[in-house]
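One chain, chain A, appears in both complexes that follow, with chain B as partner in the first and chain C in the second.
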Partner chain A sequence: MVRKLLKHETLAFGRSMLPMWVILLGMSVFARIVQFFESDSTVYDIVRGSAFTVFGISVAVCLVMTVVVCIKRFYVNMFTGEGYLTMTLPVTAEQHIFSKLLISVAGFVASIIVVLVALCITSLGEVLVEVFKAIGYLFDKMYQQIGFHSVVFIIEFIIILLVLAAYQMLLFYGCISVGQLARKNRVLAAFGAYFALYVIEQILGTIMVIFVSLQMNWLTSLFEKLELYAIKHPYVVAHGGIWIGIGLYVVIGAVFFFVSRYIIKNRLNLE
Partner chain B sequence: MKRFIKLICAVLVVLTLCLGLCSCKEMDEIREKRAEWGDELMTVIRFDGKEYKLLSPCEDLVVDLENGNNYRYVTLEEVPLLLTDQFGSIIKISSDREMIVCGHWQNDYECNKVYARSDLYEELEEAIENYELGWLCYQNNYYDYETQEFVTERILMPEALNEIVNKASELEGMILDEDDLPYGSSDVTLYFCDKSMRFVRENKYIRFTKDNFGKWYMIYRRAKDMEWVGVEISQEDINVLLNAIPKDSM
Partner chain C sequence: MSELLRCEHLTKNYGGVIALNSIDLTVESGKIIGLLGPNGSGKTTLIKIINGLLTPTSGKVFINGNEPGVLTKTQVAYLPDNSYLNNWMTAGQIIKMFSDFYADFRPQLALEMLERLGISPEAKLKNLSKGNKEKVCLILVMSRNALLYVLDEPIAGVDPATRDYVISTIINNYNPEASVIISTHLIADIEQVLDEVIFINQGRVALHKTVDEIREENGKSVDELFREVFKW
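Coming up: the complex of A and B.
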């Protein structure tokens, strides 16, 4: 059943995003064709500048639309009239949230890939070859400097991106779910929940800073030890820091996941 | 209709792929500005189809360079085009394209390595060893609106001015604080050079400044690590200088 759920989620996401991707690729082809007429004239500069501006806007719109479509899919499918149908399916709340989350993250990755393909089309030819040469050279230099850690850093970077994408989606799901607890203006309540979360985050951050500054003496010796350890084992500290960050986002994302699950399972009140 | 759309898409794809074979103006510009090291010891530079060999080690010497902001970069051959300015060293070409100057840091001073074109190597080696910086030149920097580039015009000062400077250097003068050198309502800076102005010493210069009471002073330093000295110059002597430089350049 979950496989069918994923299949239909993918089709729904594709129906919304495919036209956007086609437009983006079309803009990239147009920008590339414009460059064929390159000359020193002002007219060419204006046309080229306009083509690239339109392309840049298309990229931004594509990425924003991806996020909007993902959020809208969750909201419409779970909390509007469609929700009546959705809740009749033999699928648990966790499976619903998980399938939407998976498709959202996959959709975001797909949009990034389309944007990269569009950039490649725009710079097709000598520029693209030089870009790949430059990337290869930089990676080679990095590998010469730090060895195998360069590969590990790249893998960790990809993992961070995926975790952050998932965290962001879960944050939105959590805020939408909390907004459903209101009797009226639920969308507005969702915005309010997002804003309240942001304020709480800032307050907690400030409290942390105050706590750290008050505990300076105790922490100074800890930081000195950490600094000495970092000098001796820089990569351990770097990788450790990255994984602590990933772990933190996973934990907070899990909190939002369980909040959404609880509200969908126990407090759902469709209009 | 579907066939028509498919045909249009196919044409666009083919066109885009064909365009990939065209060159790019920006790449051509980077290629034009790029020189390459001829060897690992960085004693040879290859630029514009010619070879330039290292002529002298560190000197605080500047050759008469091309006008405009014509920076170029020299890199190893393996460095990709797009990373030329990241992994390359800045070089400048002399106005007659006979020499290349590559700046580098040594003992906290920026020094120049001078590379001579291989066919003129011996001639320039002899010129560098035998030049005499006994003349003064004025550098008139201005923006040429026609060519849209910054131009440096060098004007050789008359021999009479050399004698005035030599005479003034022998006077007692006031010792000045290097961090608080006076700047007046008018300032003229002169550099030591050889008679052909092929070589100019930009780290050793003389400045003439006019104070608010109309008196002119010559400010100079006898040697690299010595103090700055200010000596009053008479109006008659200053007229020799003012007649030699363009009126609107001060």
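Coming up: the complex of A and C.
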């Protein structure tokens, strides 16, 4: 069933995003073409400047639109008129959430790839060659200095991006689902849930800072030991820190997943 | 005949408003049942609970012995009272989608019914008239070989010719071992096809009888009895 859900989700997501991706790539081609011609004309300068401005705006719109489409797909498909079909399909709540999450993350990655390709198109030629040379040089230097760890760091960076994208989506899903518990003004309730979570996050952060600043003996001693260990094994500590962060986001994301699942499975009220 | 649907003390509150008030109900297989009541009587609420779209405040509902869930969704074919399909999809794409998800869906039958209506599978729903759109929705539901068909207001807001089409489609395509629950307040149009009726009023079952019982015991048609029971 997940495979079938993914197929239909991809179709619906692609239908919303494909035109934007085509427009963005088209704008990048136009922005590149206007650079080919030299002219002293003020009008031409304006056209050239405008092409880059519109391209920049298109990049921003593409990224924002990706997030909006992901959120809209979940809300509209599950909790509005479309929900009458979605929620009567013989599919479990977790299959629904999982398929939407997977396509959202994949769509986010696709948008980033399209933006990168568009940026490459606008700088096609000597500039692009220089950019790739610089990236290659940086990677060489990094590899010479820290060896295999440089590859691991890059892989970890990609994993962090994917996990953060999934976490953010699950946060939105959780808030939208919690909003459905309200009798009226459910969209407003979803915003309320998001704001409440933000406040809780800030409070927890402040408590952590206060906790650390109390300079309790055992905590100070722990930090000292960690510092000594980091001097001897800096990469182990760096990788460890990254994976603790990833683990934390995975755990909190899982909480949002199960909150959404519980509400869809046990507290659904499509009115 | 076996028990297909059972409601036990089923209650639904919307805030302070009681939509269903401790309903006890049993529906057997092989029947066409009219769920009849005025607007706001609780018909749609009951139907949504059967389909797992609403969570009851208290009480339980069982479809073929199971509470609403993935299994019952493979057994119940539901026609909502509002437009619920994606307008950008073509009739053919929706048929493909139903084939993907419902093992009991008969795509060939759906395509044949579309052809008889002169609706191309390539036609987008947004380009169809309201009547044709409703016919497509009905075709999708009746092309399933379900145990229970639940149709919410299938003949509301359509012309008399379309009403006839809807009723004949229901009669000709439902699985005879299944039951069909038709919610409506246009009783005269469907009375001739009903085996049983359930009158629902202010969230309570006001009457549950066979059509023959009504005619014999009350000496009235269902439409006449409805007008008497729900007289203002």
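Rule of thumb we're sticking to: the second predicted complex is superposed on the first by the 258 of 271 C-alpha atoms of A that agree within 3 Å, B and C clash if a C-alpha of one lies under 4 Å from a C-alpha of the other, contacts with A are read in each partner's own complex, and residues count from 1 in each chain.
Quick note on the criterion: contacts are C-beta pairs under 8 Å (C-beta built on N, C-alpha and C of every residue); 3 or more make two chains touch, one makes a residue touch a chain.
Source: prediction; values computed, not measured.
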item: Clash or fit, chain B versus chain C on superposed chain A; value: fit
item: Touching partner for A:Ala238 - first (chain B), second (chain C), both, neither; value: neither
item: Partner chain(s) touched by A:Lys4 [first = chain B, second = chain C, both, neither]; value: second
item: For chain A as apex, the angle formed with chain B and chain C - C-alpha centres, to the nearest 10 degrees; value: 160
item: Which of chain B and chain C A:Ile33 touches, first, second, both or neither; value: first
item: First (chain B), second (chain C), both or neither touched by A:Leu124; value: first
item: Which partner reaches more residues of chain A (counting touched residues only), chain B or chain C; value: C
item: First, second, both or neither for A:Leu162, with chain B first and chain C second; value: neither
item: Chain B versus chain C as contact partner of A:Val61, first or second or both or neither; value: neither
item: Chain B versus chain C as contact partner of A:Gly81, first or second or both or neither; value: second
item: Three-chain overlay, closest Cα atoms of chain B and chain C, distance in Å; value: 19
item: Contact footprint of chain B on chain A as seen in their complex; value: 29, 32-33, 35-36, 38, 121, 124-128, 130-131, 133-134, 136-138
item: Residues of chain A defined as touching chain C within the complex; value: 1, 4, 7-8, 12, 15, 81-85, 87-92, 183, 266-271
item: Of all residues in chain B, those that touch chain A in their complex; value: 12, 15-17, 19-27, 78-83
item: Chain C - residues contacting chain A, complex; value: 14-15, 48, 51-55, 70-71, 73-74, 76, 78, 80, 82-86, 88, 97, 100-102
